[in-house]
Structures are given as structure tokens and as C-alpha cells.
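The structures considered in this document are given below.
First chain A sits with chain B, and in the next complex the same chain sits with chain C.
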Partner chain A sequence: MKRYSLLLPALIFLFIFFIIPLMTVLVESIYQPAKGWLFVNYLKFFTQRISRVAYTRSLLMGLLVVAVSALIGYPTAMAIVSVKNDSLKSLLLTLVVFPQMTNSVARTFSWLAVLGREGMVNNLLISLRVIDTPIRLLYTPGAVFLGLLQLFLPLMIISLTSSLENLPKDVPLAAKSLGATGFRLFTKIYLPLTSEGIVSGCTLVFTGCITAYVTPAVLGGSRVLMLSTLLFQKASVTLDWNMATVIAVVMFLTTLAVNYSSKLLSKAGVKS
Partner chain B sequence: MKRSVVILCLVVAAISLAATKLNVSTWGFNLDLLDKNISKPFLEKYGVEIVREVGNNSVRLTKLISQKDNPVIDVVHFADYFAALAVKNGLLQPIDVTKLSNFNDIYDFAKDPIKGNYGIGYTVYSLGIVYRTDKIKKPITSWKDFWAKEVAGHISLPDITTTQGPVLMMHINKVFGADPYDPELKVAYEKVRELSKNVVTFYKTSSELINLFKMGEVWMAPVTRFSWGQFLDTGLPLTWVVPQDGMLGFLNVISIVKGAKNLDAAYKYIDFLISYEVQYAEAMDLVDSPVNTKVVVPNEIAEKLTYGFDHINSLVFYDTNFIVENYDKWIDKWNNLIAQ
Partner chain C sequence: MLFVAFIILLGPFLVIFFASFEPTSTLRFPPTGFTLSWFKKVIAMPMFQKSFLLSLRLALLSSFFALLLGVPVGYLTARYDFKLKRFIELLTTLPVIIPGMVAGLALLKFFVLLNVFDVETTLLVGHTAIVLPYVVRSTVASLVNFPASVEEAAMSLGATPLKNFFLVVLPNIRVGIVSAFILTFITSFNNVPISLFLTGPGVSTLPIVMMTYMEYYYNPSIAALSTLLIGATLAVVLLAQKIFGISKLL
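Coming up: the complex of A and B.
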């Protein structure tokens, strides 16, 4: 009991500032005393072409960023963990965390300078004579992808690093001595033993992607409509709070579903 | 006896203190200048202290809705569209304009822009065309020039979700020979569909647009006059065009909240806001363009304002209530057209 009482401050905080508002949103998206049952709004959400487009794009974008950040993040985390020199290791970790300390709006805006028609990428491609006129890189799904990846990759690296740090050093050694090499060592030892880190990394990155507003708004614009930008439109331009609430609930449930299924996947992976 | 006198004095003081505050909901820009030009002289003249609650239009409208039964705010500044939306939500009360001594000094278009005397335009701004004279050699004279091949790929238009977006769409309908009050805006949507691939992006804020000009992405766009000064500050070779088919006019309006507790002070504030002294001071500081016709400013100030006979005369205004009625539909159509 005493142990749990330490949790009390956090629990009270979460209850007042998270659970109650969340429940209010959930309930109000389904039932409001003045308006009756509101399931019709969910129906509207899933039957309108534009909300379906925004939803699938957000979902796919989130999954893609998760996949790529895991692919880049895992080897990076392994490399950082394998560094013997402690001060070098903490320097590397600082470098990973460093971008997180800059404002995400600033980081997003800097992409404008990189991807613009007179930006670095286009200038480089022109000077290498790959292209002769600048190509449009901004205001495309690709630009949003890059922005989100840069924004959330550090989260993946950090959670994988801490997970790899906790992996007992003698386990991979034992496996090696028993003849496991390369790919098998990775799939049989590393992956199962760091599955928790992978799941938490994936959840953090996915949640970040699906809820990010500035990046799709600035790098995608009106053409690349996503759930968060649609939510903003409904909530602050037409004051259509019914729809805004529905979108918020859909976002929340999607994040829960992705978190839950990645846990299931990792469990299944560990068993096999 | 003595004690009761003291108590009585305290009570009177408390009541008078409570009565000398006016709660104003407005934007959070230029607050120091608003203090200098409005709050301070207002306190000196009427003994009423202005308490500001700041935020963007939608946040402030949301607050008004949530406080509907017991409003805290007395007067509210809104862009005309949000004022019309507030009227639709039953949040405002009509203004008795006979109580305003300066009412006859303002432009006719500012007197009752959202109909029913629910708001008075206290500042006006135009939407004209701005372009890079070094990049575009073709002289730009009309809104139709956005469809010219010389500018293709280097233009930006306001998104439908900006205050200017729906009005520009109505105007495009008109420019291409259709009725601007067509609830479907058929011609405008057809024309924008045609143009869409040539648009760099549909901007949402003037600061975003300034950035696009600075980066060389955009050479020509519809620009709000209140941001023109910042465009000039970029040092780019830019020029402001008054299109021959009319420049669009927008008003920011001041309204009284239904159930406002300080009605007397609210009227004083509105009258003060459109008075010569305030309108002149705000114009000279480039905060807001005047609607008071008595205000005269020097040329170098006028160049950055929505000001002057020709400029004001070319303004076209559309009925904001028509936008409120059709906006949901227009945004849906826009999303379907623009979002890939």
C-alpha cells in the first residue's frame, strides 16, 4: 500500500487533467443532453471522402515514419550502446537529444529553407546538373514525411538505447559462443529482448506523428490535409465542435489501437 | 457612527471601483500602442479602466459562447466574419447608434457592416495584388492575371479558411462574369481547379506569405494592406496593384456583448474608438487604418494604410452573412478540390 501511495500525486494530476477531460470528450462525441445521440457524426466522418482521405493519410504517414525511424534508429542505438568511452557515449546521446531541445516550430520552418525552390536541395541538384529547373519539394507528402521523421526519430533512438542498455551484456556473448551469428543473433536475441523498447518507441513516434499540427500545416499546406489539420479547421474556423470532437476521439482510439497491436505483435514475436 | 461612515465610504469606493472597469476582448497585437492610444486617454477622460482579454478570433468567440449565460466581456473586437458568427450564436446586442457622437464621421460602409447594428467597423483594410517587379514583366492589372502563363507556378492564394479566402472566391465568381452571391460559387471553384497546379501553396497567415516571398517561392499573391509594411521591409522589388476589377474591402468590427454589465462604459468605448483622436493616433502608429473620414495623415503614413480617396473608392464589400450561411459547404468543396 505504501508503495502505491507514492503514485498518488501523479494519479491525482492525471485524473483531473487527463482522465476527466478525456471522458468528457468521449461522452460528448456520443451524447449531448441538448442534441441527443450523436452517432451520426461518426457515420459522417467515415462516409465523407475528405475525412477518409485525411485519416488514411495520417495513419499511413504515422506507420511509415515509425517503420523508417525504427530502421534508422535501431542500428544507431546499437552503435551508441557499443561505445566503450563513457564521455563519448554521453556526447552521442546529447547529440541525439539536442534537436528535441529546439522548438518544433523552428525545426519545421528550417525545412522550408532546405526544401524550397531556392533551397539547399534544389541548388545542389541543379549544380550537379541532375535537374535544370527547380522541382517542387515543399507542400508535398514527402516534405511532411521528412519533417515528421526528423521531429520524432530521436524519441525512437532514446527508447531503443535505454532498452539496449538494459540488455544483459553476457546474453549476446553466450549466444555467440553457442554459434549464433549475424541475422540470427539479431532476430533471436536482440529483437525479443528489446521488444518493450521497440513498442514504446513506436508508440511515441506514432502518437507524435498523428497529432503533430505544425509540421503538416507548414510543410504540407492545404494540399496535404491530415487529421490534425482537419481538426484545426473544424474547431477554429467553422466552430464545428461535434466533428472536431469526433476527430479527436478517432485519433485517440487509433493511437490506442496501434499501441495495443504493436504490443501483441511483439509478444507474438517473442514467443516464436 | 464614525465606523458606519467609514464602512459606507468603503462600500461606495468598492462599487465605484468595480464600475470603473471595462472588459474588452481583442487581439494580442500592438498592446503597448493600444495602451498609449486608447487605454490611457480613456482612463483620463472617463475614469474607466480597460481590461483586455486577448486571443485570436476563434478562441475568443469560443469563450463568449461558454460564458453566454453570465458574460464577463463587455465589448468585443472581431473580424467581420466572426462578428457575424457571434450574431448567429446570439452573443451580441444591437448598438443604439444615436448614442454615438462620432457615428456620422465614419464611412458609410463601416456603419452597419453585419446588418442589424450588431457591429460597427472601426478599421478597414484592403486586399490587393502584390508582385515582384523584377520577376514578372507583364504589367499586372486584374485579378484575372493570376491565370496568366507568365506567373504560373509562382503564385499563392489565401486558403478558404482565412478571413480573406471566401470573399476572394465570391469576387472571382464576379470577375469571371457570374453572380458573386451564387451559393455554389460554381465558376470560382472551376477557375481555382484550373489554377490549382500553378499555386505554390494556399497560405493561411500573412507571415507565412511574407516568408514565401522572402524564399523566392512566390512572386505574386493577394496581400492584406495591414501586412504591406512588412512586405516592404523585406527589401524585395515589390509593388502594390489596385486591380481594375476592384480591391476587396474588409472591416474589423466592435460589438457589445449581450448581457454586458458595463453598458454605459461600453458605449463610451465604442464612441471613443471611432473618434478623431483615437483614429488619428492609431493611424499614425500604423496600428489600424482609419474609418473616421476626418482623419488626415501624411503621405509616408498613407502609403502603408488603407487610406485615400482612390484606394477607399475602389473597395468592394460583400455580405458577411452570406459567407456564414454557406461557409461549411464551401470548405468541404475546397477540401475536396485542393487536398489530394
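Coming up: the complex of A and C.
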């Protein structure tokens, strides 16, 4: 039994420095000794325009990024998996993961050079005579979308490549020999067999988008408020602690809900 | 589609690389000339130097403590079955599941505002908690590839569990530990959500300082700094890939 005491330092550490502060924040958002039950803050969150808009924007943006990253990611994953040269394949995978490892501020700043007034896109459009003066591309939902896409596309691609790699090679071959091609092959064979990878990829991308801070902050600013930037604003700028904790709890519960429902979806997919 | 993906993923990095050589003080692409002055400028600025050192300290220390705390957990989880195992597994994965912003807010409220610890200690605590799951996961993964039979052989030859751990297990999972260290170092260095809430006047990590600077100055100096950081990350990632292989992340 002595060996299990090696677990203690980590456990104690996590408990004191992580679990307890989190529990305190969660509980405090609902009940405080001085003020009693505080559901009114949650009501405020859902009725106030600013928080409602930020929340729905975060959710919709998440869905959009999931959809586009799946559309781009699936063919990309299939292409990577079909690479015969092993070292080329690992190089490709490394390059795919690389954006995730870069500093988020440096990464989003790069988009400023692409989308800024004198950035790549504007200069390209002007030199092609499509527009006369630079258009405002930054601090728009589109800019945030691109930033989030760059950040989370790797997650989708990696989930899908793992799933595709584990696909027994003879199944699609058998289907093709029976005459299945193209669309039918995709929907009847590839899609169901990689459903777990798809669900896990979507979950990771969606929860990532909801909780991301730097990308919406740098590329959207205060014009395109999302849940995370609103949270920071309430906590640091307006010092509205009650609202900040409510936002944090909503963010947390949303990610929990998404993770839980994706587990259910996975189980349902496996059964069929 | 492969090309579309890589253009989206890697294109911006090429753009910022070229933009950091721009002689005028605007952020533009393509650049109108060539100069290294922005690079010289950012390296010399005390604000960036100080925060770089803090980020470096935090990354090294939090990785070290996370290894200290997490490797035993990984080892025990991989080798033995015990009653609270699932609970421990959940607990040690929790910091990855909890959104960084939520954790940062909680730590701020609990420790800094109540004046329990100073800012740098709380930052260290937060970063260690955040990177701990990676250490545990990496240790378990590398132990899966190191059969317990080798340890049993060692112990049947007379090694005590302690000797076994230090002389047999550790050298063989060396690769996993080093790659875990690299991963935790990068994660801690780049972290924004936790650091965002916990930094104060005079105590700021490099990403936070960069963000604040960006709000006031829109010139290629951040481009130069970004290029340096991205270049360093690329070097580390490619080196790690060459030596360890990508499996550590999947």
C-alpha cells in the first residue's frame, strides 16, 4: 500500500489548487451566504442582449468551423492516409499539427498581416483591380472564423486520420468489388466506419471554439464579442464578478454537455 | 483539398515571415524592402526580455513539477489496478477538459484576490496544473510499450521497487518523458487563458505582453517577435519529430 502514497502529491496538489477553487467559483455563482440564492444572475445572462449575442455567436461560430473543418479535413485526411512513403506521411502530419504548437498571439498576429489594411488580401485585390481602396477585413466575424479554422482544422484532420488508419483496408476494397463507387461508397462505407473519429473531431473543434480566447480577442476585438472575450471583459474591465462567474459556468456546462452528448452519439454510432 | 488545408494552416506564417522585414512602420505584405531593425528592436526591449524570462522560468519549473507529480501517477495507473483508479484518471485529465478561461478566473478569485500567494507563485501553480495531464498521459503511453515483464525480471533478480523504478523503468521511458517535457514546455510557454487573469503590473508572461503591446503599436516589431517564436516552435517540432516521431501527440 505504500506505493499508492506516490499518488498523494499529485492528488493533493490538484485538489487544493484546482478542484477547490473551481468548486468555489461554481457554487458562488449560485449561492452566496450574504445574498442567498442567485439564479437571477443566470436570468440576466440570458436576457441581456450583450451576453445573449456573445453566447449565440460563439455557438454558431463553433458550428460553422466544425462544418468547414470537416469538409476540408476529411479529403485532407484521406489524402494523408493514402501516402505510401512513411517519412513523408509523418512530415505531413507534423506540419498539420505545427500551427497548434505555435504561440497563439504570434499565430493570430500573422492573420493581421494577411487581413490588414495593407495586408496580403487587400494588396492582392487592389493590384487585381477588384477594389480601389482597402476594405475592412479585420475585426469581423469572418476574420475570427479564419483564425479559428486555422487553429482547429488540425484537430479534425488528426482525429480523422487516426480513424481512417484504423479502417481495415479490405472493407472498401470489398465494397468496390461489389460495385460501390463515389458518393455511395463514401456514405455507406467510409462515413459509418469513421463515425467515431468524426464525432470526436467535431467535439474537439466545437469545444475548442467555444473556449478559445486569443483568436476572437485579437481578430474580433470588442466588435465581435464572443463568450470568452466577454468573460474577460466582465472580469477585468468592468469588474462585474457575478456576471463573469456566470459566464464561466455557462461555458463550462456547455462544454460538458457537448462532451457528454458526443459520447452518447459515439455509442449510438458504434451500435449501428 | 490537401493544398487548401495547408494554405490555410501554414500560409499566414509565410506572410508574417516576410512582413517582419518591412522597413516602414506599417504591417504590410508584400514588404517594400528589407531590414532587420525590427528584430534588433524587439530583442533589446526590456519589456519583452523580462516577460520572456518569466515565461521561460514558468515553463521550465511547471514542466519539472508536473513531471515530479505526474510520472508516479502515470506509472501506477499503467501498471496496477486499484479502487480509485477511474477517479484518479478523471481527476488528472480534468485540467485539460476545463476551459482555460474558467480555470484562470477560478485561480484568480481564490488565490490572488484572497492574497494567499503572490502572482508568480499562483502562475506557477496554474501552469503546473494545466500541463500535468500531458505528463500522465505520456507516461502511461510510454509504459504501454515497455512490458512489465522486464521490471518483474529485474525484481526477481533482487532489485527493490525503488531501484527498479530508477534503474530500469526511467531509462527505458526516457523518450516518453523528454517528449512530455517538450510538450508541457510549449504548452506552458504559450499559455494565455490562465496567464491572462493572473498577470499583474510588472509580472507578465510574454504572450500577454505581446497582446497588450499590439493594442497600442501596429508595427512590424510584433511581426518580428512572432516570426522568432514561430521559427523556434518549428525548429523544436521538426527536431522532436525527427527524434521521437509524431506518435506522442496522437
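Everything that follows uses one rule, which is that the second predicted complex is superposed on the first by the 231 of 272 C-alpha atoms of A that agree within 3 Å, B and C clash if a C-alpha of one lies under 4 Å from a C-alpha of the other, contacts with A are read in each partner's own complex, and residues count from 1 in each chain.
In the analysis below, a contact is a pair of C-beta atoms (placed from the backbone, for glycine too) under 8 Å apart; a residue touches a chain by one contact, two chains touch by 3 or more.
Being a predicted model, the structure only gives us computed values, none of them experimental.
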Considering only touches as defined above, state whether A:Val25 meets chain B (first), chain C (second), both or neither. second
Pick one for A:Leu148: touches chain B only (first), chain C only (second), both, or neither. neither
Touch check for A:Ala113: first (chain B), second (chain C), both, or neither? both
Which of chain B and chain C A:Val258 touches, first, second, both or neither: neither
Answer with first, second, both or neither: which of chain B and chain C does A:Cys202 touch in the superposed model? neither
Considering only touches as defined above, state whether A:Ser236 meets chain B (first), chain C (second), both or neither. both
Chain A: partner with more touched residues, chain B or chain C: C
Touching A:Met61 in the superposition: chain B (first), chain C (second), both, neither? neither
Should A:Val214 be classified as contacting the first partner (chain B), the second (chain C), both, or neither? second
Check: chain A residues flagged as touching chain B and also chain C 109, 112-113, 116, 118-119, 217-218, 235-236
Enumerate the contact residues on chain C facing chain A in the complex. 1-2, 4-6, 8-13, 15-16, 19, 26-30, 68-70, 72-73, 75-76, 80, 82, 88, 91-92, 94-95, 97-103, 105-111, 125-126, 128-129, 132, 161, 186, 189-190, 192-193, 196-197, 206-207, 210-211, 214, 222-223, 225-227, 229-230, 233-234, 236-238, 241, 245-246, 249-250
Name, in rising order, each residue of chain B that touches chain A in their complex. 56, 58-59, 61-62, 65, 85, 159, 161, 200-202, 204, 208, 211, 215-217, 327-328, 331-332, 334-336, 338-340
Complex contacts: residues of chain A adjacent to chain C: 3-4, 6-7, 9-11, 13-14, 17-22, 24-25, 28, 72-73, 75-76, 79-80, 90-91, 93-99, 101-107, 109-114, 116, 118-120, 123, 146, 149-150, 153-154, 157-158, 162, 207, 210-211, 213-214, 217-218, 228, 231-232, 235-236, 241, 244-245, 248-249, 251-252, 255, 259
Along chain A, where are the residues that touch chain B in the complex? 48-50, 53-54, 109, 112-113, 116-119, 136, 138-139, 217-218, 221-225, 230, 233, 235-240
